[in-house]
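Presented below are the structures under discussion, each in the form of structure tokens.
Heads up, the next two complexes both have subunit A, just with different partners, subunit B and then subunit C.
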Partner chain A sequence: MSGAVTNRVLLAVALALAAVYLFPLYWMYVTSLKTQSSIFAVPPEFLPGAPQWDNYATIWEVANIPRYIGNSLVIASGVTLITALIGSGCAYVLARYRNGWIDAALFAVLMLQVLPPSLMVTPIFVGFASVGLLEYPRFATILAFSAKTMPFFVILCRAAFMTVPRELEEAALVDGNSRVGAFFMIVLPLARNGLLISALLVFMNGFGEYVYSASIIADNRLQPASIGMTNFLQPNVVNWNAIMAFAATYVTPILAAFVLLQRQIVNGLTAGALK
Partner chain B sequence: MTYQIELDRVEKHYGRFHALKEISLAIPKGQFVALVGPSGCGKSTLLRSIAGLERITSGTLRIAGEPVNDLPPRKRDLAMVFQSYALYPHMSVRDNLTYALRLKGVSRAERARRAEEVAAVIGLETLLDRRPRELSGGQRQRVAMGRAIIRQPRAFLFDEPLSNLDAALRVRMRKEVRALHDRIGATSVYVTHDQIEAMTMADHVVVLQAGRIEQQGTPMALYDRPANRFVAGFIGSPAMNFMPGVIAGDGRAVRLALPGNPVLETAIAGTPGLEVEVGIRPEHMVLGPLDAPHAVPLVVSAVETTGAASYLFTEGEPELIVTTEGTAAIRADDTIGVSIDPARVHLFEPETGASLRSAKL
Partner chain C sequence: MTRILRSLRDGIGFDVMLVIIALSYLLVFAGLPLIYNVIISFQTVDVFSLGTLWHPNAGFDNYRAIFDDPLAGRVLWQTIVFTLGSVALQFTLGFALALFFHQNFTGATWIRGLFLAAWVMPGLVVGVLWNWLLSGDFGVINHLLESFGLIEDPVFWRSNVETSLYAVLIANIWYGTPFNMILLAVGLAAIPGDLYEAAELDGANAFQRFWTITLPMMRATIGAVLALGIIFTLQQFDLFAAITQGGPAGSSTVAQYWSWQLSFREFDFGRGAVISVLMIIVVLFVSLIYVRSTKAETQL
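Up next is the complex of A and B:
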């Protein structure tokens, strides 16, 4: 098979996989604009005949969207702040030193990445309850989820720091800078893109966080949007178009950010992989 | 006398690895010192220890008379030029040049003035607003030099600064770096693995091997009176020829293990019968007629010609190199007559490698 044909076949496979993966997204937007009856129409309507824009206005008021998304923002920002502050220092050390302890630490960090939140949530809940952290449920969620995003952030940032040659830092030291000064004036600006992208990914993760919020935050007024959405699932009625309108409102900003920044994100993810 | 840089029995260990062994070195103000040796000999470690990028394990390091063992690099007031130049990629040439001044709190106007001044010295006036990645290798090298000069430091440290340049540019920069050193009356420590760079640029050459100073002195002292076999073989190009020999006669002659077993009257005294290693530089073996007195007949195995000189490689063990001027009309398998200048012969103890001459002098 010639190279051109292979490429076309591979492209077709990629498009097919993308279609399978993106179809739910499309279905979410379409359903959010349908009426209750047309949702269950057979055969299904792939384009809504009469778009029900009212669905959005209704759920905005009924479902307390501003409050839920506000809570999601608080949790995502808190997680990003804690992860970036602690994680970048940690990543820098892991990038600059090379010995047995560092290898052990890296292995431990990778192991943390493996543990799923659903496994961790019970011990964390019990631990937090015993020290009284559940009094501040959003903060407790931020702490718990930061521990989850930290390994991911540290591994990505370490790659970003490793692309900054050590000699630049040494040149700055000889030029009259302190270790800390050299970090902030030389290393940080040069690793900036990788750091920003990693932080952005952490933020998006935090924005969609579900497992910890669901277990730790009992008070409806403090719950994030990921939980708020499930309020439409009631034992007898499921308000599909409202749920989908809620979901669309929730993910569209994230999607927009991702599409706008996708070139930088891909660069940030692969930076350091080649060197 | 206070020296600009003074090392007194400096040692450096990395865990179990002994990188620097009892290094003592005194560099007067204005001197250009080259640290030279094969890779892994500790020359870069020594330079980095002077800069403060490595902590020395024991011994004393003084700069302008002041012990600096515990001072961080920024308090030592030294400038360093790195092999990779280490220019800050996110800053313009101007900002690269003035970075150290900015850290020192020099005013903006003064910084601008000094940047123009230094740019004129290194010939980069028109490139001040460029980023390092927009410069050629030679220009980057100049920026690295300029960044060192602008600070007017107590000494300059160079870590193989010319090794990334092509051959022609390297020869030109060699001269320029030395001229710059003389013009600003600097004190310089220059690390290189290239003995020609060391010989041509430095006032004082320090030869290192396995973390130890093998010999130090003026370039010509190292060339004429190498203290041991290592220095004799390291300094000079092509490298010195070595062959076995035996002290003969009353101790002032040596019999060479070459065809005809020639006996040379040397100025070096030794114990008759002692086996020695004899060193003769290729340029001190003179081509002559085969029937001349003391001429050694040698068979040529290969000829390398550079135009200005030809290198004749001989058959047999050990292989010898003979240098002649110009292009010789000699081919492989020809037999040549070689006379050896007895005054230019070096004798070394086979076990220790020490020169017999230095033992007697």
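Up next is the complex of A and C:
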């Protein structure tokens, strides 16, 4: 086989694999545009008939989507703010030095990264109940979940800070900058892209958070969209077009951000996970 | 006083402060709960004693109750099946895809990246999506399996005690494969190309090259990916909540879901904490192996 033909065959196989793999996403969007009767057609209709855009308008009202998404945004923003404010500095120091103390701190961060939220939520909930934090359920969720995202963020950002040449920071110090000045004027701007991508990943995590919200937030009006979906799922278990419209409304912003920033996200993730 | 302030602004104090702030946060919201978890596993914590910091002592009662529970053996077995099944299949599929996309062709990197779209989705949405795909009467998976002649009657994946665990397992394999693929792809890219050229000159075929070069060179990466796979699978919760909720009759309950159910459905936080303590020991043990293997790699 000549090079060009091999190239084309491999490309065709790759596209076929991606199509098979991404079929569930396609099915979500197709189902969300079907009528109530056509979702139960046998055999299933793989191409949509007339798209029912009304499904989205209806679900927006009926399932209280604005309120749920709003709460998800509050939780995601809070988590990102705490994680980025506290985590960036720590990541910078862990990237700058290499000694026994730093190794120990790094080890602690790595070990805390692996704790499953569904197991940590029991002691956190009982502890929060005794100090009265459950009175502010969204804030409590933000505090608890930030402890989960912070190790992840520190590891990713440490990789970003390692790419900043040490000489540039030293030159700034020689020019009369203080450490604080050099950090804000030189190091942060140079590591900006890595920090922003890491923060975006934390935001996405917070936007889809489920375990802590489901355990801590009892008040319907304060729950995020992940709980909103389960609330909606139970009594409407036959309205799959409406459920899929809810799901599509919820994930489309995330998928759009991913498609736009695919290369940076993939690079950021791989840099953090193995180094 | 001024010396401390100066050190904070312009010396080692700056570094120490940055690390201390982050580590204190983690100490309060992750370290203390870890210790508190052990304490409440020896206490009676229910809705009546909840609002207090200290609860009635229970000795080993919670531990005894868990070990005597008829569900315990099944949950342990289901946790093992779910974890090993997920890791084995995610790894195999991920490795196959990584090897495929490692070949040089137009668009390889971009198409490979598309697979990660699944990985950025919230677990709960992935669960709801698979709940619909695996639906018994009108699920598209059943339809496809029937039209390929693989099954004759629809399988009621979620509501049959024989298949409910596999319904979640299938969803989890779909969810986790891309992450395995991308980590293994990074490992593959790090192998020097001239090794393969030399082997080819020596007459080694593709299979021999895989066994003698790819696998040995990837050993550290494979170890890290398998350990991470176990860690992430033991964190999986959302898919259970969205697909089977551990049922029917506990047939798809795994340890991390059982712990949550005991705490937040039966409000027996003491027993929930027992499973939490035991599982966290397992997770920390696995991550110790992971941290050691990545450390060995970065020091090369």
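Following the convention adopted for this analysis, the second predicted complex is superposed on the first by the 240 of 275 C-alpha atoms of A that agree within 3 Å, B and C clash if a C-alpha of one lies under 4 Å from a C-alpha of the other, contacts with A are read in each partner's own complex, and residues count from 1 in each chain.
Methods note: contacts are C-beta pairs under 8 Å (C-beta built on N, C-alpha and C of every residue); 3 or more make two chains touch, one makes a residue touch a chain.
As the structure is a prediction and not an experimental result, all values here were calculated from the model.
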Practice task
Specify the outcome, clash or fit, for subunit B and subunit C once both structures are aligned onto subunit A.
Solution key: fit
Exercise for the section: Would you check which partner chain A:Gln262 touches, where first means subunit B only, second means subunit C only, and both and neither mean what they say? Expected result: second
Practice task
Between subunit B and subunit C, point out the one touching more subunit A residues.
Solution key: C
Exercise for the section: Name the contact category of A:Asn7: first (subunit B only), second (subunit C only), both, or neither. Expected result: second
Practice task
Check the residue A:Ala129 against both partner chains and state whether it touches subunit B (first), subunit C (second), both, or neither.
Solution key: second
Exercise for the section: With the two complexes superposed on chain A, say which partner A:Ile186 touches: subunit B (first), subunit C (second), both, or neither. Expected result: first
Completion exercise
Vertex subunit A, Cα centroids of subunit B and subunit C as endpoints: angle rounded to a multiple of 10 degrees is 90
Handout entry: Which of subunit B and subunit C A:Ile243 touches, first, second, both or neither
Key = second
Exercise for the section: Kindly classify A:Ser178 by the partners it touches after superposition: subunit B alone (first), subunit C alone (second), both, or neither? Expected result: both
Practice task
Check the residue A:Glu170 against both partner chains and state whether it touches subunit B (first), subunit C (second), both, or neither.
Solution key: first
Problem - Nearest Cα pair across subunit B and subunit C, whole Å - result: 7
Practice task
State which residues of subunit A lie in both footprints, the one left by subunit B and the one left by subunit C.
Solution key: 178-179
Completion exercise
Residue positions on subunit A within touch of subunit B in the complex are 165, 167-168, 170-179, 181, 186, 189-190
Exercise for the section: Could you please specify the touching residues of subunit C with respect to subunit A in the complex? Expected result: 9-11, 14-15, 17-19, 21-23, 25-26, 29-34, 36-37, 40, 45, 50-53, 97, 100-101, 103, 105-108, 110-118, 120-125, 128-133, 135, 137-138, 140, 143, 147, 174, 182-183, 185-187, 221, 224, 228, 231, 234-235, 237-238, 241-242, 256-257, 259-260, 263-264, 269, 272-273, 275-276, 279-280, 283-284, 286-288, 290-291, 294, 297-298
Fill in the blank from the handout: Listed in rising order, subunit B residues that touch subunit A in their complex are 51-53, 72-74, 78-80, 82-84, 86-90, 99-100, 103-104, 147, 151, 157
Practice task
Spell out the residues on subunit A that touch subunit C in their complex, using ranges where they run on.
Solution key: 6-7, 10-11, 13-15, 17-18, 21-22, 24-25, 27-28, 31, 39-40, 42-44, 82, 86-87, 89-90, 92-94, 96-97, 105, 107-127, 129-131, 143-144, 146-148, 150-151, 154, 178-180, 183, 201, 204, 207-211, 214-215, 226, 229-230, 233, 240, 243-244, 247, 250-251, 254-255, 258-259, 262-263, 265-266, 269-270, 273-275
